[in-house]
Structure formats: C-alpha cells, structure tokens
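Following this message is one structure expressed as structure tokens.
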Amino acid sequence: MAAEMHPESGDLVSLVPAADRAVTIRNLRKYFPVREGVLQRKVADIRAVDDVSFAIPEGETFGLVGESGCGKTTAGKSILRIQEPTAGEVIVDGTNVTDLSRSELRAFRRKMQMVFQDPTSSLNPRKRVRSIITDPMEIHDIGTEESRRERVAELLEIVGLPQEYMYTYPNALSGGQKQRVGIARAVSLNPDFLVLDEPTSALDVSVQARIVDLFEDLQETFDLTYLFISHDLSLIRNVADWIGVMYLGKIVEIGRAESVFREPQHPYTQALLSAIATLDPEDEAIKPERVRAEGEVPDPRNKPTGCDFRTRCPKEFGTCSSEDPPYYRVGEEHFATCYLHE
Amino acid sequence: MEQAKRAYRRLSGNTLSVVGIGMILTIVFVAIFAPVIAPYPDAVTGEPHFDEKTESPSADHLMGTDRLGRDIFSRILYGARISILMGIVVLSIAIGIGVPLGLVAGYVGGWPGTVIMRITDVFLAVPPIILALAVAALVEPTLWNAMIAISFAWWPWYTRLVNGEVVSVKEEEFIEASESMGAGWLRVSFKEVLPNVIAPITVKASLDMGFVILVGAALSFLGLGATPPTPSWGAMIAQGRDYVTSFWWMSTFPGLAISFTVLGFNLLGDGLRDLFDVDVTRY
Amino acid sequence: MMGDSLLEVSNLHVEFATEEGVAQVLNGVDLSIERGETLALVGETGCGKSVTAKAILGLLSEPPARIPAGEIRYKGQDLLELSPAQRHQKRGREMSMIMQDPMTSLNPVLTVGDQMMDVLKWQGKTRLGATEWLRDKLSSDAHYRDQAIEMLAEVQISAPDRVFSSYPVELSGGMRQRVLIAIAMLLEPEFLVADEPGTALDVTTEDKILELLEDLSAEHDTSVLYITHDLGIAKKVSDHVSVMYAGEIVESAPTEVLFSRPQHPYTRGLLDSIPRLSSAIGSGIPGELPDYTDPPAACRFADRCAHAEPTCTEVFPYPRYVEGEHAVGCHLYHGDPVHARHVDSADSAAYIGPAPWASESGGNPAGETPADGPSTGGDQ
C-alpha cells in the first residue's frame, strides 16, 4: 500500500475531524528580520516558526515538543497574538483570531490565556497576590470590588492555595505556589483555551507532579483545551493526547501521543527519545534504539537545503538535500516529514 | 507592612543613613518651628537694627548679625523653610512632568518615544544652572519663578532615568502577561511598570533635594530668586561675600547650613540606594 | 568505606545569619567519596546541596555563613582548620569546580585561551610579584598553550585552536560547558565538584556532556561530587547516591541499590513524581520545605510525610544501616546508627516500621533489579 502523502502542512489539521476541533492552526509562520548595515536593511529572515499546522480537539491536550530554539515558545505566543504572526491562520472556538482587530482581539482574550514558564518573573513583584489575580477582571471591567474579591477566594481554593496568601507578595512564595497564582490568574475569566509555555520547567520534580495534577483537574472540571509546550518528552508523554515534535521551526512529526512515542518515525524524534535518561527497565525497553544527532543545531539563518535535519541525521541519504520532504502518513493518526517513508 | 518593617530594620542598621535622616529631620524641624525657635523673629522682616550691626557671634547672637543688624541665626532658621520648600516644589514639578514622560517614552516607544527623548536630550544638553538662570532672567525675580526655572532644568533627568528603567522592565515576563490579558498601554505603564521603577526615582529624588537646594542658593546668590529681605541662604552668602575675611560669619553660617542640608540628603539617598539594591537582588 | 576516602565530610553544620533569624541550613551532613568514585548529591531546590559544595570548596562567605560544627577531611586533613590562603591553594590545584551556568561562568571579555592560560600559569595565585610578572611577560607561553589546546581536544572540541582564540559569546552552550570542564581539568585535580552542569543545556547536548565527564573522570581517576536535582542523571553518572532534604542526608546507598530499593519516603516520593514513558506520573509531595530559621526539632520531613507518627516529631531520625552500605534516616527502619555521634541517642523504641512497601522485593512498581549499571547499553 503506497504511503499516503499530504504534501501540505495545512492538511495536518485533518488529523482531527472538523467538528471536534477547538483550536485550528494553519500554516502559521513567524519570521524575524535580520537587519544589517548602517541603514538597517533586511538581509534575511529568521524563520522561527516556519509553516506549522495542527488542530486540537476540544478538552484535549496537544503537546508541542522540541529543544530550545526550535520555535515552540514563539509558536505559542504567535497563536495568542502576543507576538503578531507573519502569516497563517489561528481559529479558536470558531473565531478566526488572526483576523480580529486589536479591540476585538482584546475582548476575545478572555477566552484564551497563557501560563508562563518562569513563575518568578511572570508575577509583578510589587503587587500582592490578590491584585495579580484580579488583573484580568479589572482589565475587562468585570464584576464589582466585592464580587472580584469573592472570585479571588474561589480561585485560590481551586488552585490549592490558602486564603491568607491573598495579601502576600510573590517573593514570599515558593516556585510551586507562584505558579499556582499564575494559573489562578489565567483561569479567572473562564477561558476555553490555555497555552501552557513550559509551565513546570522551572519547578522541582515533586512540585511539577502536583502542578500537572492541578492542570488535569482543571481540564476536567472546566473542559479546557491545552497547548502544552515543553522540552521534556517524558512529561509530555504523561500530559498530552496529541504531540507535535518541532525542529527549526517546523513540525517534523505529529500524531496521537501513544503512536508517536511507541513508534517514532522521524530520526530526530528517535534521537530525542533515545537520549532520555530513564530509571526503569520498562522505560528503557520502550525507548527506541539509540540514534545520535550529530553536531550542533545549525544557525536558523542558514537552514540546510532540503530537509532541515539532514546535517545532523545519521540516516541521511541522497534525496534529503533536494527539497523539504512532504508529510507522509506513517500510522493511522501519525505523520512524519522524512524521505525514509517515501 | 512586611516590606516597611524590613526596610526600617535595614535602614536603621546603616549608620550613615541614620545620621543623614537625623540631619534632615533636624532641618525639617527647624523649618517648621522656626517662628518658635528663632530668638529674633523680626530678623526676617528686615527691620534694621543699626546699633547691632555686624556683631560677631556671641551669647546674644549665636551666629552674629549682618550689616543691618539682623540676627543671622534666626535668619538661617527661617531660611530652612525656603530651602525645603524649594526642594519639594521643584522636585514635585520635575517628577510630575518627567516621570510620566519617561514612562510613556520607554513603554510605548516608537515615534512618541523618540520625539520625547530627543526633546529631553535638548534640555539635558544645557547645564542645569545655566538653564535655570536663563529662565529666571526672563521673568521677575521671585521665589516662585526661581522654582519654576529650576524645574525646567530638572525634569529631563527623570525622564531619562525612567525611560532607561522602563526599557528593561518592559522585557519582564509579567509585563508580557499583562499585555496578553488585554491590558492597554496606559494601564501597563502606570500600574505594572511604574511600581517597579519607583525605587531608583526615590533614590534620585533624595539625592536631588540637596542639589536643588544648592542650585536655588546659587540663583539667589546671583540675585535671581527670592528678593530681600527673604532670608534665603544663597542670598545671605551673597550679602556677606565681600566680608569673608572680616565679618566671616555672614557667609560662613549660611554656607554651613547649605552643606549640612545637602550632606543629610546625600546620606539618606545613599542609604536608600543600598536598601533598594538589596531588595532587588534578594528575590 | 572509611579507609580510602579522598573526601570525608562529617557532621557538617552551616548556618546563615538572615533578617528573619539564624537559618540552620545544613544540619549535620555526612558524605564520603573514595578515590576515583563519583558520588551524586541529589536534592531539590533549597535543600542545601549548593551550600554543601561551597562549604567543601571554601567558597562560603563567612559572614553571613557560619560553620559551627563539623569536619571536612580531604586526604585526611580537615580543611576547616586551614587558613583561607591555604584553602585557596588547595582549591586551585587539587580540587576544582564546574559551575552550573556556562553562560555566566566564563569571563566574556577574555578569550577562552586567556582564561585557560590564566589557570595554567598562575594556578590560583591571587597576588603577583613584580618579578614574576616581568618574567611572565618575557618568557614564552608555548608549552602552556599546547597543554590548553590538548585539553580542549580531550573534551571533544573539534577545532581546539579556533576555540582557544574565541570569546565565550561566540560559542554555543554545549561548547562553553566543555570549555568549563576543560578548565576544571587543566591542573588534573583529584577532586571535582560538578554543580548541575547539564541544567542549562538541551537534552542531547547534556547527554554528551555527561558521557564526557564520565570518560574523563575514569581516565584521570578523578573523584567527582556530582550535584543534581535530576535522579535520572544521578543514576547514569554515579557509583553512589546521597539524597538530601532540608539540609540533611536522608538516604545514601550505592546507585543500583538506591534505585532498585529506595527506602526513605522522600526518595520514594521523588522517584514517584518523575514522569516516565511507561507509567503515569505520581502525585508529587505535598507541602513545602521547612523554615530554616525555625526548623522542626526532629525529622525535617515529617510534616510532608504520609507515614509520619508522633515519634517522628520527637526523636531525630538519625541515619541507620538497613543493608550493607545502604543507610536511611527514617524511623520506619531499624538498624545500627551509621555515625558514632548517634549511638547514645539511638532509640529503638522510636521504630514505627515496617514500611508499607517492605513486603515488595523492590522499591519500584516493577519490583525488579535493573540489569544495567550507571551507563546504559545500546549503540555506542
């Protein structure tokens, strides 16, 4: 049976039936201009996000995985238009977010929020917890002084913080507690979609487990859709229903989490998975055979011709340098962009 | 509350700033209670007592008398009011104009920012005293006009300071978080950025107090500013200028008063800077 | 175990004077490292592992730190009895440290070569006499240069000459970390402290750095104290592991033993929380670290422990042997106290065991001893 080809990145959204899609990303691009010379003329683009597409079913979690510099955080911010995307389409709950005007976007922000990576720097050190949590309500002019206060009390309970913390400053809290405040703030207006940008990377592993628990509870209780960005594959394995592996701004492999983890098809995914320092023999058994990515990540300004990964790929062969490989269907709900699957 | 307690403890541990605070409190006390403390309240109104003129310091006149027989000590006490008033008014205007401009320039950036900063640069290019002089010379020499003149020269320093601070605070994640929630630039710059920029403003303001008083004294020394018989310290120095070797007390004591005040504010400012430094790096 | 120790830390107490009072951070830490051995000191944020490392290397500023009790014996000699100058010397020549963040540990305005030559030529001296300076200016550095370049090659930098003349900002994170390792190994130290050297790096790069460290320490017979919060890494690189919580060593054992039969509730909680490929993530450990300025009198973990009993708050859970070299500081186990100082207070009445998992043959859900050692197999 010939491998079914989907040459367009945009077609990857078909992994999720249209009716189930809460979030759809099509051909998302974010380029940063490189300017040189006295007149600061643009000489090239850094293609931080280079044609990314995927869809997330309602109430589920899409894990966007990759090493630092692959563009996953930029993708997250572009999706929420915290940074303006260069091109592409983002549809959340049926609304085309990329088409909204600034004021429409502002109102729509109630539906989509972000939880940031560093709990210490994402909270204003000069504001008390209560003030931090009521920020969204104040910005969107929701509720009264009294009702906001009640809401803060409610939120503190939802995220598992004692009520007294309402009046403390962030610097008195531990990393995990600070992150809970960030989460309380993010869910204060009952959003439908949350982008979680490495929300536990700055936390200890024992704290991480509890925050992950909290995220799961919240998802279940409020039917939230998550885009979970991380570099930690084992963590993603535990939280994501779907996964997209990113390298140099592109998704190189995408599909249902079990499928991608049990049968990774792109050499980069295999390299990442096989490099995990595991603790159990079962984990060790699940890991793919050792694949080493040679050398270092190339300068994003000078991406290799053809497949972006080819300069580091141990399985590289002739065709790889011709042009960007299309997406091949490598499993029932699983695609990879690699000529090995021609 | 916690922060205030901690600040108090830390400040009180620093001897020099305690000394500075003590000095300032003395001056403020003197300024407020001058009418009560001054042995010769009429020394201010300018009634000459020619029979007592140019007397050297004695038990009756702690700091001697000037050419009109007025008690210098009393005049210095009243002069404190002028100095403090000048400091407060000038800085209030300077901060009131300079800080919001710096906030907007730093946070909004772009064309508004560039325009504001270039205008600021123009003002900064002129030495403060010269600028103040130029303005004061254009208008009637009164105390208020002197203060306005000095404010003209002062606000750009705050704009530049705040602009610099804002540019770095702007990159913090909590600012990004605020923007991602839909906050507009006005809210972000005043409610999120400003509280984080207060520290250097406070330090600068306390150090500036001394400097403003100096400039005010310079203006009145030059005859621009408070008119006689107002006992501004600078004017008092001017009056004694020709007699430094003979009736030395006429210039010396006002000079010492200025030094004392400026030193006090400098020590406080240094102490505050240390205080805020630790605060920032602790967390 | 006691005989051939290169480094032996006994009953180390470290306090810090803070605004809220005296923080009793290290509460009697004991460590021992043999020649050529790698010990992983594992613990989460705030447990005191960096403080321990700094105390060993003499890098704590006293004040605000204070060492009220304890010994740090390096080759038999108590480092705490040495003068700062003597410790400084030792630090340069026999002991070395690799810092956490390669971005900030290298001087950005000096080339890599300059920094390496600095170490080779002066070996930690802080003052230079005029004649020495003159002699240096007049003599050739060629042999030092060769030595440095050789070291760069040994850390698997492919163009050592080029890197030698580069500035840190021109190098990637992985390269910088290799440079740091090269600098640390230049004087062939017998003892190396590696403070989370992989944290700032990507997984694939970190992997290579770990292998490099393993190879180097094997070849030069260096003893390594490897500080990390990552148990996976600890398992990979070490021969022995000591788990630290709130300024105390709560469990220590040879690596395979610790991972196949973890005993202390904190260790088990940690292992449980680690996300795995094959099983669901655990639920973490509730609660927070104790306040060091007002620490619990007995067990510092009791308020977060699901198995704590009243006795845990009354009797200090001194480390005791449960088998061979495996020691645990917990009343769920009975055994002989590890340290002489606890013998008198040893109170078997405080025993609250057996532990609920004692019936299993192992500590993991799998219940098997892993077949592999610290270095995993696979294609090499």
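As written, the chain order gives the labels A, B and C, with residue 1 at the start of each chain.
To be clear about the criterion, contacts are C-beta pairs under 8 Å (C-beta built on N, C-alpha and C of every residue); 3 or more make two chains touch, one makes a residue touch a chain.
Keep in mind it's a predicted model, so treat the numbers as computed, not measured.
Distance from subunit A peaks, on a Cα-centroid basis, for B. Remark: among chain pairs A-C and A-B, A-C carries the greater number of C-beta contacts. Between subunit A and subunit B the centroid-to-centroid distance comes to 52 Å (mean Cα coordinates, whole Å).
With each centre defined as the average position of its C-alpha atoms, the distance from subunit A to subunit C rounds to 33 Å. Subunit A meets subunit C in the complex at residues 67-68, 174-177, 204-213, 231-235, 237-238, 261, 271-287, 289-290, 292-293, 296.
By the touch criterion stated above, subunit A contacts subunit B in their complex at residues 80, 82, 105-107, 109-110, 113-114, 116-118, 120-127, 135-136, 139-140, 169, 171-172, 182, 185.
Taken together, the subunit C residues at the contact with subunit A in this complex read 44-45, 172, 174, 202-205, 207, 229-233, 235-236, 259, 269-286, 288-289, 364-366, 368, 370-372, 376, 378-380. Put simply, subunit B touches subunit A in their complex at residues 2-3, 172-174, 176-184, 187, 192, 195-196, 198, 282-283.
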